[in-house]
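What follows is a group of structures, each given as structure tokens.
In what comes next, chain A is part of two complexes: it sits with chain B in the first one and with chain C in the second one.
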Partner chain A sequence: MDDCLNEKSGKNLIKQITRETGVVLHDCYQCGKCSAGCPMAHAMDLMPREVVHYMQLGMMDEVLKSKTIWLCATCHTCVDRCPNDIDIPSLMEKSRQEAKRRGLVAVKEVDRFNDIFMENVKLFGKSQEVILEGLYNVSTGHFIQDMENVPHMLSHKLIGIKPVMIRDRGAVQKIIRKTMKDKKKK
Partner chain B sequence: MLRYAYYPGCSMDSTGATYKKSIEFVAEKIGLDLREIKDWNCCGATAAHTKDEMMALALPARNLALAESEDLGLDIAIPCAACYSRMKYSLHAVRTDEEKKEQIQEIIEMPYEGKNDVLSFLDIFSTEEAMEACRSKMVRTLSGLKVACYYGCLLSRPHEVTGGEDTENPMDMDRIVALTGAEPVDWSFKTECCGASHQVDVPKEARPLLDRILRNAQANGAQAIVTACPLCNMNLDMRQAEINEKMEKKYNLPVYQFTELLAVAMGAGAKEIGLHKHFFPAFELMKKYAKRAGENG
Partner chain C sequence: MSRTGVIICHCGTNIASMVDVEKVAEEIGKIPGVVYSVTNKYTCSEPGQQMIKDAIEEHSLDRIVIGACTPRMHETTFRKMLKGTKINPYMLEIANLREQCAWVHTDKEKATEKAISLVRMSVAKVGSNKPLFTSFIPIHKKALVIGGGIAGIQAALDIADAGHEVTLVEREPSIGGKMVMLDKTFPTLDCSACISTPKMVDVSAHPNITLKTSCEVEAVTGYVGNFEVTIRQKARYVNHDICTGCGLCETKCPSKISDEFNQGIGERKAIYKLFPQAVPAKPVIDAQNCRKLNGSAKCGVCQIVCPLQCIDFEDKDQLITETYGAIVVATGYELIDWTKLYGEYGSGRYADVISGLQFERLVNASGPTEGHILRPSDQKEPKDVVIVKCVGSRDEKKGKSYCSRACCMYGAKHAHQILEKIPGSNVYIFYMDVRTPGKGYEEFYNRTREDGATYIRGRVAKIYKEGDKLICTGEDTLIGKPVTVKADMVILETAMVPARGVEEIVSKLGISMDGDHWVQEAHPKLRPVETQTAGIFLAGTCQGPKDIPDTVAQASAAAVKVCGVFSKEQMETSPMISRVNEEKCCGCEFCVKCCPYSAIAMKEIDGREGNRKIKRMVATVNSGLCQGCGACTAACRTGAIDLLGYTNDQILKEVDALCL
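After this line comes the complex of A and B, so read on.
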């Protein structure tokens, strides 16, 4: 764990991420337009432009430990407005995956939600909104979250009791298994 | 000919019920032929792309490959903005990156060439043919109803994937909605993010996103918000009462799908399209404004 924290491996990781995303870090001249327009900026500990700046400086550990990489909503406003087309959402995404591999998850709820979502898809081949929210609430201890809406959903048949499944669930499970093969925690 | 392969997406079986019903109503009216892809699976939105790039590309690709295998040469119609976005990514990867294309085919164990296009329902309804077909079926007008057309992020961004021409001020939905006589307002938050799944996993941090969208719509004189996505719709509809209560706001903005407005203008009854299923009451406003076409006042 934390093998990104020495200088050399941190820099190697940055090289790997820029190679995979096609981002040229020194294209960013820190104008801050990304951060001005980011809808989640109010909750972030590093501004999007700071994420790029830390990577420019080779300080990947700051990025991996940040809440920011988990709070990014992948809305693409930043890259859309960036004068130099820096693909920040992809940097966030790769950083999030690398942080998880190293056991560094700064916002556990986001990670939990994504895990449960994919477990759901693996089981049924489809996403079951009600099972997803139920499992999420139980596993995070937020038992009553959104429960005030359940009576309305039931009485208007917006949700059912019976899970909807696809026939060829094996095909979906295979896709998930094949792509997660090399994603186990180090 | 208005004929497409159809990928409804998971929400259509649950919280997207009014979207589904209104789509069916309008499709029948204008002769829009939607052929549901057999045994389609979840596209992976909004979680798969946070886990692995190839998973995020392969899950949607299985559906696109299934559609392609039917060999009807049909483009794929997708009502959900998140599904649309993920499908577009897969199509974009297959069309622009030979290596990824091979990887995707190897993972899904099916041939997939990316022959057919992926279209949102806004793409489809904004074609001249569909606009004309809708125009000819209008029996009511919603004249005087001021609405804020909300597109959200994923229908327009990133533009190299969606091909969207204007990511800050798109106009397709405004033009479609105007067919009903309703009046789209000019406002600033058309393509701001509603927070998607963050409304569940980090609600405290994500609620302000909804608050800002509602505030800007109301400040610009809208009486309702119109969406083209089951997820955006649910976020703004289901959580509005809570925002009013906990954040001490006074928003009064029913949230319709654009197809609900079309359906009402084409004569649909409230129950037929599920107007009573909304979380935030949506029937009264529609009742107040829907008039028989040609009637004054």
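After this line comes the complex of A and C, so read on.
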């Protein structure tokens, strides 16, 4: 009886997520317009509609274990089209944070990419594509991924070997530090 | 020789674009007896009608054929027009050149040929038309309403307020029906009893309404304006003329029986009032369960304690016969007996699996628990409640194929009431679809979800007991996974079915039912409160499942129809009815059996056999009941019955015109 609905433990977490995101879950009547328009749906294991439904039922484990929350591109097509204005990307974002906290990352590459990206920004004030790509490929073991594009991008000066710095790196670092501190306080 | 005038209508371009109307008029003009044959752009218009009137004078016409649209459209228009001329309105035939010719063909030449044939048939038929005259029947301005639920109450009040006498017949000891059992009504959540009991009191106090409770309709004869109705007043064993309703008898009665008003939750006495606000507020004795009346004991305690000596153990059923001009059928519904159909839900073995109406009594302040939601098995407050919709509805195999229409809304209401009354409770609603077509209904459903009700799309497959929990298993079809809920109580929102005994009432009234035994309306869209029998109208759920707003609206509509009948002193009847040729009638009674309106009876006449005078039976048609359907004329083996306006002779003339 693993799917006994009144023994689901996810209710408190869902309450917290809905409070933080301002999403009113019961507004969703499961029309599926979000899933039908989602550009990432082909790769997802749960449809965006299902993510909302699991949350309605209090079945948070299924959501946290899913690939879907990591594959969401946060393009907001779903919110834009939703008749009930359910902010699915925010639900995905909060679910990702919780999944990571519990060590339940279902698509490791996305998480790795995210971490490298943030480190990059912390260091240089903005993302450095070459470093990002290099570190990502090395750390995930996909050594030659996207390498065929490098000569073209170099010759068209879309990327450069030398990092491009911003004027005040300190300011960005300060923002990041402050955000992290606020988050811990919460 | 007859002098027939023929007018072929262009109907704008409707007919003229596909039929060469000029050619039709020309060809028809050649038929002997046709002295006038023309075309007209719009015959039904004022100038078109004037043209016919002028032609009648000018050409001394004595019968008319109009080739135009369907007679359903303008036959009455042209009959009315002929009333102002020297021609009898029934010396008219209409050839349908639009729906049955121009609109359905694409070849103009062939369509024209067909049009000529159609008009020729009408010309042949009109040649043997005879003037017909309408007759009048008197109207008895008193209405009978059968059923004292909210539909019957509303219809009775509306007719009575319009100034007509009404008799309201109810088989139970009190009026009020199902509505008075309910706690609150969706979507406004107003108290059901608070809005229905004042109406009940209005009924009992209205000078134009005679209230007959514990009564059933025994027999009905007659026709619109003149129904002879026999009503059986069942023995109450309490003289209601003297009884003040003090209730002493009820407190002393030793017999305790399961309370049907409270849906079997709780008990009542053998001498009882149906519920505290009953109208009339006087008790009756349930003879089956009374110890004295069923002979199981001497008892008679009620008779001893009654201060006014109202108890009469010798009381007998009485038959009362009265004449009514119109009848409103408002016999209502009951809930399907799910215990016989759904083994997977426990067949009623689990006390805490209850029906929606039982929940209404549980949550009702005047119910057995005084409004506290306590589950029947152990009187504990349930924390997790499962509501199952479509039990018996939309289930062709076990129940009914139809949707019962009100369950989605009262299911949402039940969820709302549980979440409101029991803090920290959880409600799970298993549904197939959520149907909320009504004013403020979708908003109410949203509100219930806002309250915290969890909607799960799927039917519950099985309910079984584990400890003191009821395990409900089903599939959430939106995620494609089986789910279970450990519930403390389960509410089944069961299908509405017609009230018991509706079949007898329907056959007594000579009206019809559909396959599910809902009373059949004359037309689903355009005559929804009328039956095929003139003067008998429908109100409320006897016609099909509906909620209170629709029921009340339909009851008022039926009342208006009754007032329409009563607005005239006498009623014109169509002269196009069957007539029996007594010489030819052999008395076989085939026509009596096939008449759907019970309009044919047998009568004895003087006849002769050789030289001997004898008495013999022949058919006779009641002009008030006959609707001119013609079934009898087809069944009559001696050709003794003719439908006036469509006699066998006329039809054969039409066939001859087409085939010869």
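The criterion applied here is as follows: the second predicted complex is superposed on the first by the 167 of 186 C-alpha atoms of A that agree within 3 Å, B and C clash if a C-alpha of one lies under 4 Å from a C-alpha of the other, contacts with A are read in each partner's own complex, and residues count from 1 in each chain.
The criterion applied here is as follows: contacts are C-beta pairs under 8 Å (C-beta built on N, C-alpha and C of every residue); 3 or more make two chains touch, one makes a residue touch a chain.
Because the structure is a prediction, the values reported are computed rather than measured.
Peer 1: Tell me which of chain B and chain C touches more residues of chain A.
Peer 2: The larger set of chain A residues in touch belongs to B.
Peer 1: Have a look at where A:Gln30 lands relative to chain B and chain C in the superposition and call it first, second, both or neither.
Peer 2: A:Gln30 contacts chain C only, not chain B.
Peer 1: First (chain B), second (chain C), both or neither: which does A:Leu154 touch?
Peer 2: neither
Peer 1: So in the superposed three-chain picture, is A:Met180 touching just chain B, just chain C, both, or none of them (first/second/both/neither)?
Peer 2: first
Peer 1: Once the structures are superposed on A, label A:Glu7 by its partner contacts, choosing first (chain B), second (chain C), both or neither.
Peer 2: The answer is second: A:Glu7 touches chain C but not chain B.
Peer 1: Looking at the overlay, does A:Glu50 come into contact with chain B only (first), chain C only (second), both, or neither?
Peer 2: A:Glu50: touches chain C, not chain B.
Peer 1: Given the complex with chain A, which residues does chain C contribute to the contact?
Peer 2: Listed in rising order, the residues are 384, 426, 428, 446, 449-450, 452, 454, 456-457, 471, 476, 478-479, 481-487.
Peer 1: Under the definition above, what is the set of chain A residues touching chain C in their complex?
Peer 2: Residues 1, 3-7, 24, 26-27, 30, 49-50, 53-54, 56-57.
Peer 1: Given the complex with chain B, which residues does chain A contribute to the contact?
Peer 2: Interface residues on the chain A side: 39-40, 42-43, 71, 73-77, 79-80, 93, 96-97, 107, 109-110, 112-115, 117-118, 121, 125-130, 133, 136, 145-146, 148-149, 152-153, 156-160, 164, 166-168, 171-172, 174-176, 178-180, 183.
Peer 1: Mind pulling up the chain B residues that touch chain A in the complex?
Peer 2: Listed in rising order, the residues of chain B that touch chain A are 10-11, 13-15, 17, 39-42, 44, 46-55, 58-59, 62, 107-109, 153-154, 157-159, 167, 191-193, 195-198, 200-203, 205-206, 208-209, 212, 238, 242, 274, 276-277, 279.
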